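There are two complexes below, and they share chain A, which is joined by chain B in the first and by chain C in the second.
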Partner chain A sequence: MMVGLRPLLWPGGLALVASPGLAVLALVTLLDAAPPGETERLLDRYALHVLAFTVLQATLSTALSLVFAVPLARALARRPVFPGRGIVIRLFGIPLVLPAIVAVFGVVAVWGQNGAINKALGTIGMEGLGPIYGLEGILIAHTFFNIPLAVRLLLPAWESIPGETWRLAAQLGMTSWPIFRLIEWPRLAEILPGIAMLAFLLTFSSFTVVLALGGGPGAATLEVAIYQALRLDFDIVRAVFLALLQVVICGAVAIVLFRFARFSLSEAGAGRVTRRPDSHGLPGRIGDALMIAAGIFWVGAPLAGVAISGLGGPLTDVLARQDVWLAALRSVLVGLGAGVVAVTVGLLLGATTCDLAMRRHRRSLADVLEIAGSQTLIVSPVVLGAGLFVLLLGHVRVFDWALPLAALVNGLVSVPYVLRLVSPVLRRTAAHHDRLCANLGLAGIRRIVWLEGPLALRPLATALALATALAAGDLTAIALFGTEREATLALLLYRALGSYRMDEAAVIALLLVLVCLAIFAAIEGLGRVAART
Partner chain B sequence: MSPPGLELDGITFEQGGWTLAADLAVRRGELLALIGASGAGKSTLLSLAAGFERPLSGRVLVNGRVVTDLPPASRPITTLFQEHNLFAHLSALDNVALGLDPGLRLTATDRRTAHEALSRVELETMARRRPGELSGGERQRVAIARALVMKRPVLLLDEPFAALGPALRRAMHELVSRLMRESGLTVVIVTHDPADARRIADTVAFMDGGRILLTGPTDSVLDAPVLPELVRYLDPDTDPGAS
Partner chain C sequence: MPRTLAFLSAALLTILPAHADTLDVYTYESFVSEWGPGPQIEEAFEARCDCTIRWTAVDDAAILLSRLRLEGSGGDADVVLGLDTNLMAETLDHGLVRQHGLVDLEFDLPLPWNDPVFVPFDYGYFAVIYDDQALPQPPASLDDLVSGGNGADLIIQDPRTSTPGLGLMLWMKTVYGDSAADAWRTLSSRVLTVTAGWSEAYGLFLEGEAPMVLSYTTSPAYHQLVEGETRYRAAMFEEGHYMQIEVAAMVEGTDQEDLARDFLRFIATPEFQGAIPTGNWMYPVIDLGDDLPDVFRELPAPAVSLLLPPEEAGAMRRQWIDEWLEATIGE
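== the complex of A and B ==
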């Protein structure tokens, strides 16, 4: 990276063409395709019903997640040292990277009509649970994702409480309730609105969970309705209308989120040891233990369901099928393509935002660019995909381009992760070494080879591994573009689930997890080896 | 003779290989300054007295009563820290009132008591301000006001004025000595600066390497130091072996 006279704008410009640029193109296409004056026909009872259900399930998912995440995070914060605490924190990180369709399988394996819970209830002669398709299933799956996410975002609130405050509380004789009211709640109140909005946004745009667990048009979100309009009803006009509705609402929520979010997405939960005056009592100990055990069960049971059902399934039958291995190959290819897209766009954007923030004193402009790179929170993968779909329709045979399109959409979704991992390294390098580099005349390619390259290799490999693994397990884009001929593992799993072939689904779910894990470990490991040499 | 206001009797403590062993007696109504280099164990000694840390052995006594097994809130001791003495989201008045009820369920009398305490530290007009709207010295005065309403006979000051400028620090010291005379408090103040000790303390205790090496009247300890460790601490440039 040069410390040139002019700001380093071209990489960021190039990245912007890809990331918000494509989204804008998609939106313009959608707007163009939206016939004027037809909103009355389109804003009919069906659309209103979909909108109402989307808001309802997102609100309930968010509320339930936070109602359980706050006491769970508090229990973990009150117990900074217990055997296995690190494993629990890591367990809560798994849903963030687990393919959504695999999580759906895990939820069904535990809570479904033929699931583990019902079998256990049956053996003690109790009446089982009903079918989970519909709102219940959606809420179970969404809380499976969002409770651990919220816990990890909440924990730093406790770690920021200074040690003196706990001594003060001890000296004043504060008990559990005043401690919560006067010490913990004020800190939580600062970050809870941001976390709530993030959870709302994620569940509002939820596609895979609702598609697989919604169980029909009665329980469709906007995202699923767009997909259905595009792929099942071929009602392009309706798809366009719903997509615009989705963008407007998500945009509004996201703008508020970016304005008010005060939480950091940094790694949390190391458990700074503090001496709280309210952590000794037996009732508190029992309560915390129950809360943590419930959290472990809620997150761990579906994961265990995937592993146990998979290992107990018809392994040899499914693994002997050629279509399964071809699907696995396609998953890997989509993943790698997406990884390359994400890292390229992320690096270009990171180079420019670093230059702007560290050398040009244009920090706010850099922030705006980084937010622009995170636009997939607003223009969701389904909307982006729908835009590309409509754009390409009539020019090329969209279904022939299913895999590259899926890679592209997934890659753009992962740009924010790349930025978060790589940006700090670039900025630190600029802050520490710019003067020395100027002294030595180290610039341009030579600087990248000797300085940024070696330093950024590890985080780059991690970013590539993450983007690749996430895309390899994704159902959204491939459901939109894919066909029978171009199925990935996620699509095979969805089909198996949809036709209640649970044994087959169990093996595919386990295979998909293993493929994603293997890709992640391989790329991350290569990065580690390369960084050492 | 009446028992000491605060007594540490054969206290020992260990943390990660570092040990502390100390005996200390502070007369009732006396102000003792604990001096010594950082890492000498001054703050740990206060934490042991206040009950934030538990000693391996030994007893803590206040006015002759053993308090070693009591939690911090039940000891007749209150501590002022260097920072974070106040809750940022509560007004000055509420921060003081926490000393009356830790859940802030306040009666009209409580409110009056808190107001009176604020006026004793000359902050009666600032009752509604939050810590963020107060200066560093004002924040510590609010914390002192809270210590006053708690009516505990022993006050431990863990360098609460170290971040203030010299003039402000002197004013705070004067405030503390006036209030302790008015309320008959026993005070231990940790300080880095021997000049601080000379100005306000009746007695000085010198700590080094987790031990109290010397205790005595301020003037005699500081004016003609003999102990090599103390000479080095007071003036690191002199070599005690040379004279």
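== the complex of A and C ==
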């Protein structure tokens, strides 16, 4: 890729056709399918209620997550060295990649009517918890995802506080509260709005958690209502209307997020040793220990629930079933398909944005293009899927294409991860080697084979592994496109949960986690081996 | 390696479309569960047809209508089994089913049946089933249930996905008419959860999550015959009970017309019908004579049986569902 005269536009162009091109196509399809005269029926109290509930649960989820994440992150920041700290930080990374339907099972196994907590309460003769279906269950599951996410995003704020500040604070004899107010809060205030908006966006578009834990039309998000209208009720008009509502609101939040958010999803939490004056007192130690223990419990208990119930479940019965292994095979196929889609689109887009940013000095245009490639935050998988569904309806047998369609939608969802992992490598390569390559006349395919290929292999493998594992555990797209015939493990698990076959669900949940882990480890490992040779 | 290949090819074969002599029957989950009538009916029909029945089961029967519409003419279905009279008109209007061409079918139903498309396979009456250990004083009327004399929780099904859910919606409509929405608003505060399908709701009820569940007057027969348990009873309502006649039909896009017709004819035989009372726990559509368990003769009969004409239910369903949605989501 010698610095050509003309910008390298075709790869990015191709990528944009896929994403957001497909999303635009989906939206146009939806708009086209929406008859004009029916808005009166559509913006009825039901739609308003769904909208209100979606906003309510997203707001509560976000608020609860941050209220707990800030003190938890602070406790972790105040204790940069303790045995097992690294494990805690890693534990907090698990919900990010855990299939949502598995998390739902974990939450039910701990907090459900027949869950661990109720059993424990029962043995000491106390009244059990009420049913978790509805808002309570949704909030428990969402905070399970968002507290650790927020903690990991918050931690860099502390690591950016220079050592001199702490020395100064010590000389001034500052205690915990002034330290928080004067030193920590200003830094948190910079990044909290962005994190809040991200958490809001993620919970606003929550599908799996709400579908599985909602418990009736009163507790549905727009995403779930779209799915119900399309798949269960064949009320395409309503589905279209709700989808457009979803896009408008997510679009508005996302635009604010992209404009104002100041945080990076960089790996955080290595724990820089700082000498802050307020970390020695016993009350502080106890408080931090309790906070960290609570965090470990909140995130760890559902994970332990999955492991323990799974291992204690009817392993041999479930694992002897052919349909379970076929479902596992389909999960892997959807995952691999999605991985290939994500990496292809991400690489094509990355090539163009790298060229624009590094060689054409059009960095802001490059950023806009990368954001456009990340449009699935705005056009959610359900909306994208609904659009494709309506588009294909009547032309092909949609259910026959369930697996490829699920792979496609999941692949596009993962494009941002690929960009984040691969784009820096491409740009670094351009910055360091462009001149040398020009001197050597190394260009085109040869440059990719000799230069970019080896350098980008590891991050590419990681991106492929991540996209594949995420898609293999996804329920959203397969619920939309699939039927019992094309059930993946996630769909089997959802159906087992829905029929209260908890023993069976336990084993499938564990199997699904292991399948996702195995795919991730295998692809990442292959990448490591290939990069070494 | 050869074993892996063998497994993979077996897997592929399972994914590939069915053979020519396969009859695809779309139905609902509880019909084909291991304790439902499906397995017995499958065995009996396969013994005489030299074919294979392939069941496709959705959560509950009202999904069948949207499923057929979503699949269009390209679907696999040959027979759809589990719709009821409330869904017949729409199924016809969308051209999803075709005439069976059978002229000699005879039924023993509470009302005359002579439909060129739909074949009834069982019937029953919707009822609130209660656990008399958790609820000694059940509601004596629908109005009693709604206005909450006993204040107990109830589990119901979603009328968009479930035929019992749809049945309750129409039951409320026939009793309350224009004030049905208000009645739903009152009732919905005590609805513990609205499930997608009957199986889920009844499972929750048996787990003890709520003392009442929407099911059928015939449901207690299961507990009496199979479990020797009499604590689960049907609350008999003064206003009467909405009736359900479950039907099957040949799907328009079938590629197994003869097989499908044979299956529809088979429905009206004692072999099929014999599996209904103690499999689907509904009344058979022909006179089974002594083969009908006595429990079924002893079950309480509704004071009045309510049923809207299929055309009216079909024409109003969408509007009434919107009304139900608005009323049940609370303020």
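Brief remarks follow.
Operating definition for what follows: the second predicted complex is superposed on the first by the 532 of 533 C-alpha atoms of A that agree within 3 Å, B and C clash if a C-alpha of one lies under 4 Å from a C-alpha of the other, contacts with A are read in each partner's own complex, and residues count from 1 in each chain.
Rule of thumb we're sticking to: a residue touches a chain if its C-beta (ideal position, glycine included) is under 8 Å from a C-beta of that chain, and two chains touch if they have at least 3 such contacts.
Note that the structure is a prediction, hence the values are computed from the model and not measured.
When the two complexes are overlaid on their common chain A, residue A:V67 makes contact with neither chain B nor chain C. By the touch criterion stated above, A:D233 is placed in contact with chain C alone, chain B being left untouched. In the superposed pair of complexes, A:E484 makes contact with chain C only, with no contact to chain B.
Legend: residue contacts after superposition of the two complexes on their common chain; A:L517 is shown touching neither chain B nor chain C.
Once the two structures are superposed, chain B and chain C can be ranked by residues of chain A touched, with C on top. When the shared chain is aligned, chain C comes close enough to touch A:L329, but chain B does not. Looking at the shared chain after the overlay, A:E164 reaches chain B, while chain C stays out of its contact range. Of the two partner chains placed by superposition, A:L436 touches none, neither chain B nor chain C.
Judged by the touch definition given at the top, the superposed model places A:L172 against chain B, while chain C stays out of reach. The intersection of chain A residues touching chain B with those touching chain C, taken from the two complexes, is empty. Against chain B, in their complex, chain A makes its touches with residues 162, 164-165, 167-175, 177-178, 181-183, 186, 275, 277.
By the touch rule above, chain C contacts chain A in their complex via residues 7, 10-11, 14-15, 29, 56-59, 63, 65-67, 69-72, 74-75, 158, 160-161, 188, 191-197, 199-200, 203-204, 207, 209, 318, 321-322, 325-326, 328-330.
Across the complex, chain B meets chain A through its residues 47, 50-52, 71-74, 78-79, 81-85, 87-90, 98-99, 102-104, 150. Those residues of chain A that touch chain C in the complex are listed here as 41, 44-46, 49-50, 53, 113-114, 131, 133-134, 215-218, 228, 231-235, 322, 325-326, 329, 393-394, 396-400, 483-486, 498-500.
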